[in-house]
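In the part that follows, the structures are each spelled out as structure tokens.
Each of the next two complexes has subunit A plus one other chain: subunit B in the first, subunit C in the second.
Right, the complex of A and B next:
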């Protein structure tokens, strides 16, 4: 990792948030199976549900500028309770990395390479993630702009090419389902793709103390909601009643693309984009886990570019520089590898988890813990106000 | 065969990670690293031997569904 390149811009963070969520948006089957032709509306209701959640993250980051979530825990709860809370967050990050890795493995085996053992796919994928982190997370963040253009470009081109096969009538009847279905859809959208941007609270210190994290998080979230609406609308009006049966509606709708029998099999583009976005997301989650673990074990906080003791020389401390901390990237990737092999025995178990329990599990870490942290910080009157007085 | 692959993979990881810590005499980091290394190696060895390891996710699912009663119905 290059210790000189530690800063990222707010635009890169915004694109990174978009790419991070887009990998889940392209797998919208778990939402569409419940709310069917009304699923597009869940992007908006989910966004409304997520806004206060992200407001909590923003409030925490404002109170503790330049600090990561793990460092904030230590300040708010003290060294002992803070570590316990941080370990819970780390478990969440590693579980998300594992679940997404498993999803990637299932996708490749089911749709691209049915004869290949899932272990081989997951191993190669994790080697890619380790390489990305080894090259520096800031470089991955720089790359997010390009990834965002490719992802949006693929959605736009596929949507245009599939236009001749769409039937807007498939959107009707509007909002005829049981209210509980909409609640489930809203909570699922809020907890699964949107609330997961909690992982970026480990990366926002790279913006520096003077730059605010609110803008990129809000904008990334809003752009993702718009993109989610477009993708779901396209899938619904292309597939009709089939949309709630297939497990990957986007993949199936793009299969309809055929221009004069020459331009076909466009789903392969979707597959490549999805794999790259998966790689991006798991790299971020793995980085968040490794950085958090490093901070807990070494007892040292990460040095952000604008902190008081920041050294701007090439020898400046890098968050995961193996010269300063135990090298935990490879061993953490090995943990994710083994955990993802035994996490589910079948795809049905995976789908059952996603539809029934995953939203509540995620909200525990995305809403409950940050809300408690903010409440304790406010009651104890710690944070930026006291820093200014000091 | 699986066990051999696991040991080879972990030997490779150790070969990449250990020299820096040993060379710079960072014994505390080495101790921390070794503990995590052995834990993950233990997990890998058990899997290679075909031991069924219970998934934490399934335990969490049972806890949320049966204890906290927080679970949606499958569509």
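Right, the complex of A and C next:
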């Protein structure tokens, strides 16, 4: 296959990061229910909390340019332990794919088609994801710019439409809750939408070895934090105290729009954007999982640091591209399908998980494992030594 | 070889297409227009058995809406709506109960008004509110009204300019800005007030009256709620007082008495701001400043109201009228010990620490709070006339 085809630009990656996070931002109820009218500030504190985490990823990617997370594991921990660590990451990716698929299914079932079995929706949704991966993840990345415009456009349009009903007074009083609530909110924001950027360490090799992976990650993250602040501010000033009891604040705030009795029922914009962004996100997570699986199964255990043959792109070497393994994509999608049906019995279970367990679950993979990897790498003195910045 | 591959490809594509057709033909949650009963208004009454409520849904009869009176002649046309009632333990079971009687399912996405009878409101509002806010079909911009008498009767009013009573009522609610004597409350406003913990929600009241043998509805007064129950009412002037405080009085006519007779002033626009102020001794009082502009709409006297001393006099009268409206509303609120103005929310925003102490016994603290009113009213013009049509008096 042609390695030229697989290249993406850093801007596309940045927009992809934005779209990836924006899907979770649009359903920010799990954060707002905790920190109420101060939730908008959590976007900032969450960003601050995420900066060192992403710094770890960036340091890893700098040490091993052009390598994906799974390949890096093999280099750092050796063929056996590396595989174990990689399997843990894969478990995380597939779990995220499952949780997001389930979220989408719940949204469609709760708000649009209550009588439809969730299985039917998830199945159709996953067919879309498989199709997207089959056509090549780089095409999805090329699309990210367009999706980003749509997502931002929807936020702007919806924000303008609700202007009539906003009451800025709902933001006050500032910061009156217990400190613990804010800590929880910060960790939730950092772990759930922002830390999930980890999945992009499977995509960054597509930038090619010459390019830095850091810039798109940082910028995407910052843009997401800004849009998160705007979305949350909008929801708080439109819904007031209602914001903390509705399941989907953004959905409800747009639902109230009624301009001259003509411009009503604008939540369809939101629903379309949400479904498209979720498709994007789950495709990336599924791709990360499948690519990782391919890399593990192909048994490319490289124990020695591999810094010299810098010109060869990893995709060109071998059948490491999931495109060449359609059965694997389908099997993984089937796994996600069944896993997402059984993962939660109800939305309440899902919410409880999101509020209590999810941050710790996510941080294990997003913070602990990469930090250990980086530590081991620097102790064993492998990888490029320059620019070790964490 | 190539040919076989192509044939296989074609078979696969054909199979896929057939599969996709299955997705197209229908889906589970489909709703065809001819199977829906589109609800435009809902009334909730106390049921005849204990612990039940009666739901009345006003459903459009689409065929009658289009039938113009030009063809049928006045009076011969059937009603464009059907009111379907059912009594059951809860809102949802009543809605489902209606399926025993109708071949169409009630569809609430276009519901415009939600009327609670005052009897039900005095018992419990929570159930109807929760269901209508929680359900995915209904929307939060539904107007909430409280009826004196039965809500189901209100939905039977014989509106003359409109075919559907529910649309008549919702249209009326849109007009209320021009008189500033009715609160306009949507489900969302109600929920926000109820959730604030201190603000007492309010809702407009609607009642039937008979004229020339026909039943009509009118909006009059405001119902006041506390802990999900209706605890009292405000009359017309008190309602206007409430609207002055909550910055909702935007327009309206005010009649002031002068020595020579009545003068009608129209309010063009107005705004008010409510601010808690902490005194040196730590007590919190509320500062309300209202500013407005108006012009002379009618002069029943024979005096020249364009004279500056008369203008000053009218302004003073106007200010007094506003003060007295607000004062009356405040008196009534004190009597009910219900914070209809949102003082509590204002204090919480401005002095969160003091509020933590006050909120514990807000019911007893609220009636003791001082309210200072400052009114600034400008009279912009005398309208189309400078002097009265029938002159007289001193010129």
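We adopt the following convention: the second predicted complex is superposed on the first by the 352 of 390 C-alpha atoms of A that agree within 3 Å, B and C clash if a C-alpha of one lies under 4 Å from a C-alpha of the other, contacts with A are read in each partner's own complex, and residues count from 1 in each chain.
Assume a residue touches a chain if its C-beta (ideal position, glycine included) is under 8 Å from a C-beta of that chain, and two chains touch if they have at least 3 such contacts.
Just so you know, these numbers come straight off a predicted model, no measurement behind them.
Novice: Based on the superposed arrangement, let me know which partner A:297 touches: subunit B (first), subunit C (second), both, or neither?
Specialist: The first partner, subunit B, only.
Novice: Report for A:343: first if it touches subunit B alone, second if subunit C alone, otherwise both or neither.
Specialist: first
Novice: Tell me which partner A:33 touches in the superposition: subunit B (first), subunit C (second), both or neither.
Specialist: first
Novice: Go through the superposed model and pick first if A:327 touches only subunit B, second if only subunit C, both, or neither.
Specialist: Once the two structures are laid over each other on A, A:327 reaches subunit B alone.
Novice: Quick check on the superposed pair: does A:44 touch subunit B, subunit C, both, or neither? Answer first, second, both or neither.
Specialist: A:44 contacts neither subunit B nor subunit C.
Novice: On the A-aligned overlay, A:111 touches which partner chain: subunit B = first, subunit C = second, or both, or neither?
Specialist: A:111: touches subunit C, not subunit B.
Novice: Who wins on subunit A residues touched, subunit B or subunit C?
Specialist: More residues of subunit A are touched by B.
Novice: Do subunit B and subunit C touch any of the same residues on subunit A, and if so, which?
Specialist: Dual-contact residues (subunit A): none.
Novice: If you look only at subunit A, which of its residues touch subunit C in the complex?
Specialist: 110-117, 120, 124, 169, 172-173, 176, 239-242, 245, 252, 255-256, 258
Novice: For the complex, which residues does subunit B have touching subunit A?
Specialist: Where subunit B meets subunit A, its residues are 9-10, 13, 16-17, 20-21, 24, 26, 29-30, 32-33, 36-37, 40, 43-44, 47, 52-53, 55-58, 60-61, 64-65, 68, 70-75.
Novice: In the complex, go through subunit A and note every residue touching subunit B.
Specialist: On the subunit A side, the touching residues are 33-34, 95, 99, 181, 184, 187-188, 244, 297-298, 322-323, 325-328, 330-331, 334-335, 338-339, 341-344, 349, 352-353, 355-357, 359-361.
Novice: Where on subunit C is subunit A touching in the complex?
Specialist: 23, 27-29, 136, 139-141, 188, 191-192, 195-196, 345, 348-350, 352
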